[in-house]
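What follows are several structures.
First chain A sits with chain B, and in the next complex the same chain sits with chain C.
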Partner chain A sequence: MWVRCLAFAIALWLAGPLPARAFIAYVSNEKGNTVSVIDTDKWTVTKTIKVGQRPRGIEFTVDGKFVLVAVGDDDTIQMIDTATQEVADTLPSGPDPELFIQDKAGKILYVANENDNTVTLIDLEKRTRIGDVQVGVEPEGMAISPDGKLLINTSETTNMAHFIDTQTHQIVANVLVDSRPRFAEFKRDGSELWVSSEIGGTVSVIDPAKHVVTKKITFEIPGLRKEAIQPVGISITPDGKIAFVALGPANRVAVIDAATHQVEKYLLVGQRVWHMAFTPDGKYLLVTNGLSNDVSVIDVAALKVIKTVQVGELPWGITIAKQ
Partner chain B sequence: MIRLLVGLVALIALATSALAADPVEVGIGYLRRAGIKQTLSLVEQPAENDGVAGARLAIEDNNTTGKFLNQHFTLQEVHLKQGEDASKAALALADRNIGFIIADLPADALLKAADAIRDRGVVLLNAAATDDRLREEDCRANVIHVAPTRSMLADALAQYLVWKQWKRWLMVVGSHPEDKLYADAIRRAAARFGAKIVQERVFEDTGGARRTDSGVSLIQRQMPVFTQQAPAYDVLVAADENEVFAPYLPFRTWDPRPVAGSAGLEPKSWDAAHDQWGAVQIQNRFVKLNSRHMTAVDMQAWTAVRMIGEAASHVNSGDRKALLDFIKGPDFSVAAFKGQGLSLRSWNLQLRQPILLADGRMVVSVSPQQGFLHQVSELDTLGVDRPETKCKLH
Partner chain C sequence: MSLNVVNAQPAGFSIAQYLTCLTGIVWREGLRFVHQRERFISALVRPLVWLFIFAAGFRQVLGISIIPPYETYILYEVYITPGLMAMIQLFNGMQSSLSMVYDREMGNMRTLLVSPFPRWYLLSCKLLAGTAVSVLQVYAFLLIAWFWEIEPPPIGYLTVLPALVLSGLMLGALGMLISSGIRQLENFAGVMNFVIFPMFFASSALYPLWRVQEGSPMLYYVCLFNPFTHAVELVRFALYGKMNWVSLAVVAGCTAVFMIGAMLAYDPSRGLSRRGPAGGET
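Presenting the complex of A and B:
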């Protein structure tokens, strides 16, 4: 572990002199049909890119050349060229794509198609559709195990996390969670899979080897009704120590000790907080606030909200990479 | 070699056990009233499969989930003919080992059916009747109410009107018994939330054809006259469940005032325009299956069937007692695209739910409105609450 850490530190050092915050964040604005580009050095929006209808899921490609954004109402995924910051091409996703994930090599894209009860597989190089997996009703959350062997898909009305073998494309297990599971995230060491249930109000911690829920994390905020606490986005620090869970209309991000699964703190952010992403140096966590049209910046070490950046209408997804 | 053999045997055992396990079969009945409601507006005329179309979609959804759990759901539909006895049909479903029946029945028929099958351990899920008395003095331990009550609908509307500061209401009530019940609920809501009914008028149903070739010019003269000389008011609230006059009111009142209740801004459990909280997904699925838009009764039937599916996946069984215990239990909630889980009021088995306020084209708002607080659930600001209930479940 130490060796790997050291190697990582050296790699970082080799990567160049450290104006470490030369990062760029892309935020999808669900209602605005735009993507806001944020410079994390200045914490300002440097560009607003017009995209298709209802942009939600958004990710950098592994090679950093493109930002992929699912535009659900156009039934496609658009590719934003990060050099020109313009839409360059589209991918043949199934109907109403929402969230997606790439394999480690950046070759295959797995897309959840809400309307079709399927997960679509796309060859990123050829930009063609290469297969489908039938899953539950309203597939949404997507994750890949760190060893690349398992693809996880959550289905919102079926209330399950489906475990799909990435080699055979067969479902190998289904784990029942609480109502409306929306997001799935592995710990970096692969020891735990976390799934958020928006309506159930919980996060299920799943043992990925045994396919069982080992712990259900619940949230209690004084003065707030249970119904207002709706967990959505999850981010876990690379060292696996702290997890952040966006609580939707509770307007807070929960800070959880990822080892003990105890909620340590609630950070007040904007209204209807959706999804989040770390800066690559792990110093900041950016979260999208759907109803207040902004992004909150959380200082990860201090566990404090330090900044708010105004973006487009109804920000939803976010992805960050080096500039 | 031996290891290989053992492995092979284990594999065969695994394969046969997977084959041997027959899926758990859950049969759900659907009892439909005879006849179709007539509406004044041609575009609002309910389809022949209103309600049952939602149940069919929920069966599909349950089965998509069921295939991962080895559960299979079927719908046994019974469409009553005019004058046919609902309780006999319910008994016939019970004979076919049905444990749950979705009921689209008027209040009296629903009670008769519920009492007929009580000793058979069959539960009705009321998907259409809004009568408060079914949840109050006439409540039954074997009837779960998925449809909202008139008082829930009236409270949802009242909260919005009060929030909007339209607190002076002119109420126009039809002459049918249902209209009077709706008017009672509106009066109660006005008193609860601080609105004032400045005057009440009754619109007599004198019969006559709903559609005539020269209809519009007559109505244009009738409605302004009917609403003139009213005390100062902010909004006209109409109680007209049989669609005799309310849809004629918007744009025809003597004073330029908005209309709400049975026309204009209507409180309802579902609307084809509702697109928040992932609702687009079910709207799309519904249109794909049925080639038409989804109505409130469709949604209520969908929710009823999904409640059973939700319970079956949680208890991992088709046993009716296990299902019912879970549905009635404290951990039950069903997601129905309303932004929060829907659960049962334990004291009268009414499903708590947000109510949409729709104008026919758009969803204008969703109640409960912000600021209407409650010590247990804000959803309990809609309808009759536990301390007021007359229901005694046996």
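Presenting the complex of A and C:
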């Protein structure tokens, strides 16, 4: 009996910690010129990677081998090797790249170049530039429809969402939204496109087939001036039921019923909340708080902020994948 | 003859008899509390007014700082909840002391003090009874606060219990010590002005100490040496399943000092109550 117990204990001990279900988050720190790496099991920063100047848009490649980060003031996109956690290569974007998105296969990268009014297309395998699409002034938000046929780009000064055919690379429609559109996000079923307007203080819900705004979501927080509510990042749960909208200097993330478009509650996070990303299991949503230099963790099921992790200076973008 | 009976030493009492005495005193305090419905309601309304009205106007006050035991940013309502829990206990402690002054004026105190049990035991029972009532009030408050989205972790409701008992004992013992010095019921207004308000406002109940320090370093030290601050912090940490050792030491130490003080003060042969005959003043 004792021997069996001991053997079991030793077996447990040898087995070590349970198989890693940990995820890893990369956060771009716009002012610190670094990328912070967060272990989502311990909620701590495990490494800080030195990158180029003004890192903003950040995303894992589809194969998970690299993290791409747009370093705007160096006019390029850097590739961080996830094995070595060091910058391994660069991609040729236009001037001042800000946000970008890959097609589903991870072959083409579409980059919004803020200072050039263009979207640059990059072949990810050859790591070469294959073309440009002229869009409005100060392009920023990028989204791709779930069927891969439509690329969306929002231009901050033109106040439009441009619909670009991914085959012909031609703009097929322009939809006017409120002032300073920052970010675009499709529902997973492709039925709706959400575009946030930072100065307008609204989120426009667009019918992607008819190219019309069907609903404008507004926000009201008691005790806060209207101008302090500036929607930026949008994340919609994979089941399409709940949407989260980062409200910038309002220091809150709005929780929205994605079916009825009603705001259900506001979650208090750090200062100037900007972009966000779900963990791959959908349990947590991590949001970057630019001015308080930290990342808040939202429990998606409980709709509660459970933790805030200190990162580098002026965190901006975030991407999460399996470790 | 009867004096001899009173002085017949309690050494011979069994544990069951001690328990009967404890139950009697707790029961009396409980009944008194239940029968005074207004007291129960007012004990709840006071912190709820702070929570619903005062805190609503100060939602942005806390600024940006994550202080332990919190792990993320919190609203002001969440911050002041432990302070309001301790406030319930502070008022309750003082109210118990008020009832002792009343008992003494009415002569009920004699009934209690002529009991053959040792005085320290009787006073401890009285303290425990008051603490039990205050703990009930705090849980009722927490229940209502939960609907106001003040939702500490479930384990916190359990871990806060010992902290509440200890802080309740400390504040009750303080009240008892003060009541031994009050000769008439009317003097209780002075307790409000000179004890309850300064203790409550010069503490970490309403603002974190770093914020107080920004405003006035002098006030910061006053708050730091206020035992009520440590009662609040002990409750705050326990509500989130954490331990604040410094506050625990301060609260435990103060409880011991106040209790010993109260017991000495209530000893007619040595204490303060010697100054006047119980209930006899006119």
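Observations on the structure shown:
To be clear about the criterion, the second predicted complex is superposed on the first by the 302 of 323 C-alpha atoms of A that agree within 3 Å, B and C clash if a C-alpha of one lies under 4 Å from a C-alpha of the other, contacts with A are read in each partner's own complex, and residues count from 1 in each chain.
Simple rule for what comes next: contacts are C-beta pairs under 8 Å (C-beta built on N, C-alpha and C of every residue); 3 or more make two chains touch, one makes a residue touch a chain.
Only a predicted model underlies this, so the values are computations on that prediction, with no experimental measurement involved.
With the two structures aligned on chain A, chain B fits next to chain C without clashing. In the superposition on chain A, A:Ser292 contacts chain C only, with no contact to chain B.
Once the two complexes are overlaid on the shared chain, A:Gln78 sits clear of chain B and of chain C alike. Of the two partner chains placed by the overlay, neither chain B nor chain C lies in contact with A:Ser196.
The partner of chain A that touches more of its residues, comparing chain B with chain C, is B.
After overlaying the two complexes on the shared chain, residue contacts for A:Ser28 are found with neither chain B nor chain C. By the touch criterion stated above, A:Leu268 is placed in contact with chain C alone, chain B being left untouched.
Shared-chain residue A:Met160: touches chain B; no touch with chain C. Look at A:Gln102: by the touch rule set out above, it reaches neither chain B nor chain C.
Contacts of A:Asn174 after superposition on the shared chain: chain B is touched, whereas chain C is not. With chain A used as the common frame, the shortest Cα distance separating chain B from chain C works out to 12 Å. Chain A has no residue lying at the interface with chain B in one structure and with chain C in the other. Residue ranges on chain B touching chain A, taken from their complex, read 61, 64-65, 68-69, 278, 281, 284-285, 306, 310, 313-314, 333-335, 339-341, 377-379. The touching residues of chain C, when paired with chain A in their complex, are 59-60, 64, 66, 71-75, 151.
Listing the residues of chain A that touch chain B in their complex gives 96, 114-115, 117, 136-138, 155-160, 162, 171, 174, 176, 179-180, 199-201, 225, 227-228, 230, 249. Chain A contributes residues 222-224, 251, 268-271, 292, 296-297, 304-308 to its touches with chain C in the complex.
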